[in-house]
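A, B, C and D are the chain letters, set down in written order, and residue numbers restart from 1 in every chain.
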Amino acid sequence: MNETTVWQVKTIAQRAQEALPDSVWLSAGYIALGLVGAGAFVALLGMVLIYAERKIAAHFQCRMGPMRVGWHGILQSIADTLKLLLKEDIVPENADKLLHLIAPFLCLLGALLTIAVLPMSPTLQVADVNIGVLYISAVSGLGVLGLLVAGWSSNNKWSLIGAMRAGAQIVSYELSATLALLVVVLLSGTLQLSKIVESQAQGWWIWRAHGVGIVSFIIFLIASVAEINRTPFDIAEGESELTAGFHTEYSGMRFAFFFLAEFINMFIVSAVCSTLFLGGWMPFHIGNLAGFNGIMDLIPPGLWFAGKTSFIIFLIMWFRWTFPRLRVDQLMKLEWKLLLPIGFVNLFAAAVIVLYNLYFFPK
Amino acid sequence: MGLVTEKLPIFLEPVPGGSVLLASMDKLINWARLNSLWPLTFGTSCCAIEVMMATGAPKHDIARFGAEVARPSPRQADVLVIAGTIVKRMAPTLRTLYEQMAEPRYVIATGSCAISGGPFVYGSYSTVRGADEIIPVDVYVPGCPPRPEGYFYGLLTLQKMIREGETLRHPGVRRKPVLAELPPGITMEDIRRDLVHLLEKEARVDLREAENATAESTERLLRSGNSSSLIRSTRD
Amino acid sequence: MTIAIRTLEDLTRPSATPDSPLATQEYFVNMGPQHPSTHGVLKLLLKLDGETVREVIPVLGYVHRGMEKVGEHLGYRQFVHMSDRMDYLSALMNNWAVSRAVETAMKIETNERIETIRTIMAELQRIQSHQLWWGVFGMDLGAFTPFLYGFRDREHVTDILEKTTGARLTMNYIQPGGLMFDLHPDFQKEVKEFIAYFRPKLKEYETLFSENVIVHKRVKGVGVLDAKTAISIGTTGPVLRASGVDYDLRKREPYGMYSKVKFEVALGTTGDTWDRYQVRIEEMKQSLSIIEQLIDNIPEGKTMLMKPGAKIKPPEGISYSHMETARGVLGIMLVSDGKDHRPYRIHLRTPNYNNIWSITHTAPGWRIADLVAILSSLDIVVPDMDR
Amino acid sequence: METQVLSSAVLAIDSKAQLRDKTDRLTVTIPVEALFTFLSKLNTDSSLAFDMLCAHTAIDWIAEQRFEMVYELYSTTHSHAMRVTTSVPRENTVVPSVSSLWRIAEWQEREVYDMFGILYENHPDLRRVLLDDGWQGFPLRKDYKDDYLLERPE
């Protein structure tokens, strides 16, 4: 193994742990920083993503998008957020009130918890759990609970249909997404996200593993787009079919939470995708080309991560503004008859590669 | 914040004497509301094409004002654009839609039909004569149908209304259209009576006969001061 | 004998619980009148079994304005204004249909210039209408971008029409006895520019939407309407032609300049949603070629043959005349008692009123998403249906 | 088929059929009792094959106290068209339904019931279509009165 640069990984949780013997307050400060930072990050990220989506969509469609609120409409999302926060919050009379109230939080919770383990750069990670991949696939399943509860509690037939669709869809596609993740786990031999990133120092998994990586990348991308309910898999809130799907009865603040959760989920999926397949914050390295690798190292790791993630986010937005929606049974067919078998074969191929050490630039 | 289920404008009611914090907060809130007017996708007839669809299209692009996020569910919409004729069968649904919208909610009536019944006033047994017979309307945009530019003007007018403090209105109070101050000695009733009189007088003249009339009878009409019938006959 | 009059409640009583323990209960859902994909205020009462549509009950009349009654209060020329507000996407063709009905009843012959301009206008409007339909069809399938592309190109036609007619939507240009005004001097140049612009755009439509595999999956074989049922239900226009019935009034009973131009009637084979889609795309191409043949050959002549204020009083009797609008056959039945300058009775046989009922035949057995696609492929305009 | 030939062929079906004047196309009047058999002949006879019911409506001749029912027929195979009319008195407005011959008749008849109050025998689903179920009166009748209806001033 020929390491040109050794990346020192230090998470916020680690810093808090190290500071604990010396000063409890410093440790608490780190934890508070992590929490507040994550919260602020999520809120800001949501606004930026919504603005980006509107601008990108507009330019795809020969329009200009928001222009009047601030320079080129840059304050548009702030106005929207503020307005949604201050709008009347209606709970329908026949709704299951408690469930109706907590559903949006459940939905957002799944998204928020995942943020904690994402390695954004060697020094910017809230917690480095040693079962990171497992944690992500477990926690991201929480979101579907929110959707189901929202659809059920609204006491509206359209909402219920939307929720049932969402439930069936997300649970099915979770399988393929996890299978695709397993491939990377096999290749890198670890569940810890920072270790997975480090294992890609000599080449990203998307191309380093003889096609297995790219296949599982595509499977993961499709499955995760389906998991976050974006076009062409947005049947759960398909506007032209179900008015607004599971969040038909939500207004104001709570609707904003669903909206936010959708965009945060998009970020998480992109971030996971770039961490596992595109090397996360790891610069683009080719085997032993020291000169080339050195130039690549000059770009800070945080930028690498942001760049890769934005690229995938752009890709997902591109899908949305190009493709029509699939039908519910076609969606299931795609998962169970196409993605899942391919995923299994791919996993087997990955096992063979690991067994005989058939990487480009082998270990 | 999200657990507040009361209507917010109530606790933002201005204190007599005014408080600086509340006033500037109010400005900020108004700014947010006027820049984020999400319409409900609601169109009954012709106006829907011009007002809901053509405005969203590349040439006019309502997204510039941040108002392109058309929500299909009334719960999430801010402004109800009544684009088209409202008939008796639709009236209860329109009322329900308005009731389902969350405060603050605004209503724009576009096109002659939504304002007054338009071309379907006479002879129609089912057309409602103006959406304001059912729900309060904030802005009227005339036209049959109005051009997209006309709708933008209506939208900007609504934004101006919000900027000037319309958020503080009580949600339950139905507002009356604001009229310019009348000259002394003339009441609103006088104008209405004159209008009715004029309309009746005009309608009694057979338009085609006026068209075929000789120069002499035209002059007689002119001398009698009934200019409205002449305007009408050139239009027909 | 007594004839029972039913109400809507009679139809929506829940069915008895089935015997089999595995059977699911059917339930009713109101789709509309406020629903994004019913194109206005149509209400479809759906009987669903899970996601599968078992029965569709269209409930009409949410924008029924009593057009026929209003017509009895108006003069013939005034009624042309009303026809704009019926099927507003083919306003010029509606104007023409009413004008032609009046001209037939009064036996007025128009000159070639008038007929040529009318034909060009009608075909431009057909393109305009189909562009909008294409966009909305995309939107109903979940793709938003086609809608804006369709509208982008529609604005070009709208601008051309606006220059001559002065209105963007309700043109009110074709009048009994001729045309409201003469053409704008730029008309020919702009139409030619538009044809050169729009031909490549049709290819773009195909790369963006027609060639998309998801679109094929969603529409091919969905909602098949066989020829016999289509005729029996009285569908017309692209819906009927998609079922393979060669019924186009422009060919069968040529009016305007259609007998002098070369064009083909676009026909489908199976009558599924995909065929209805293809027929309309093909019709846009044919319309372009019709305009191309006529635009350089507009003869000279008067554009209004009737005295502007002249009374229109057709002789006593019934007359029926029909025309092919963008959605199908618009028939106008005029009944005159010979005494009044207003029609004694005016009946509007609108294409959408007949077309919509085909959904009761095609939709059952498909999913909600397919229902939306089928409905969209019928290209309904609700005010035309309800009148 | 030529109009002359068509006219004699149609008139040969039923001796009660008569030509109606003051129309723009071939129009045959038939008493209401013979209407259904007459129309079903027109529909099924392969040389006539009127397979499309273009329009169906009624005309309220209030001066003569009768409704005139109008059927506009068209044949897609032979490309010929004709019109059949029949009269029913205003006090007993019962007409046989032809929805078994043309499916669209079901809904066109519903519209005519909605607007004129004509009752159809053997109609599968006779109810109002454009107006509410509880609507009073039939608006296209010439004697329809409504508090809401405004007459255009003469």
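Following the convention adopted for this analysis, contacts are C-beta pairs under 8 Å (C-beta built on N, C-alpha and C of every residue); 3 or more make two chains touch, one makes a residue touch a chain.
From a predicted model like this one, the values you see are computed outputs, not experimental measurements.
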item: Pair joined by more contacting C-beta pairs (A-B or B-D); value: A-B
item: Centre-of-Cα separation between chain C and chain A, whole angstrom; value: 45
item: For chain B paired with chain C, centre-to-centre distance based on mean C-alpha positions, whole Å; value: 29
item: For chain B, residues contacting two or more additional chains; value: 58, 72, 89, 122-126
item: Touching two or more other chains - residues of chain A; value: 61-63, 239, 243
item: For chain D, residues that touch 2 or more chains besides their own; value: 131-132, 139, 151-152
item: Chains touching one another, given as label pairs in label order; value: A-B, A-C, B-C, B-D, C-D
item: Partner chain B, residues of chain C touching it in the complex; value: 33-36, 40-41, 61-66, 69-75, 77-78, 81-82, 84-85, 88-89, 132, 147-148, 151-152, 154-155, 158, 168-170, 308-311, 341, 382-383
item: Residues on chain C engaged by chain D in the complex (per definition of touch); value: 1, 3-11, 60-61, 64, 66, 68-69, 73-74, 104-105, 229, 231-234, 245, 247, 252, 315-322, 329, 331, 333, 335, 344-345, 347, 349, 353-354, 357, 361, 386-387
item: Chain B residues touching chain A - in the complex, by the definition given at the top; value: 1-5, 7-8, 28-29, 31-33, 35-36, 58, 61, 63-66, 68-69, 71-73, 75-76, 78, 100, 102-104
item: Residues on chain B engaged by chain C in the complex (per definition of touch); value: 41-46, 48-50, 53-54, 56-59, 72, 74, 84-85, 87, 89-90, 93, 97, 119-120, 122-127, 144-145, 147, 207-208, 210-212, 233, 236
item: Contacting residues of chain D [partner chain C, same complex]; value: 21-25, 27, 51-55, 57, 59-60, 70, 72, 76, 79, 83, 94, 102-104, 106-108, 111, 113, 115, 119-121, 123, 125-133, 139-140, 151-152
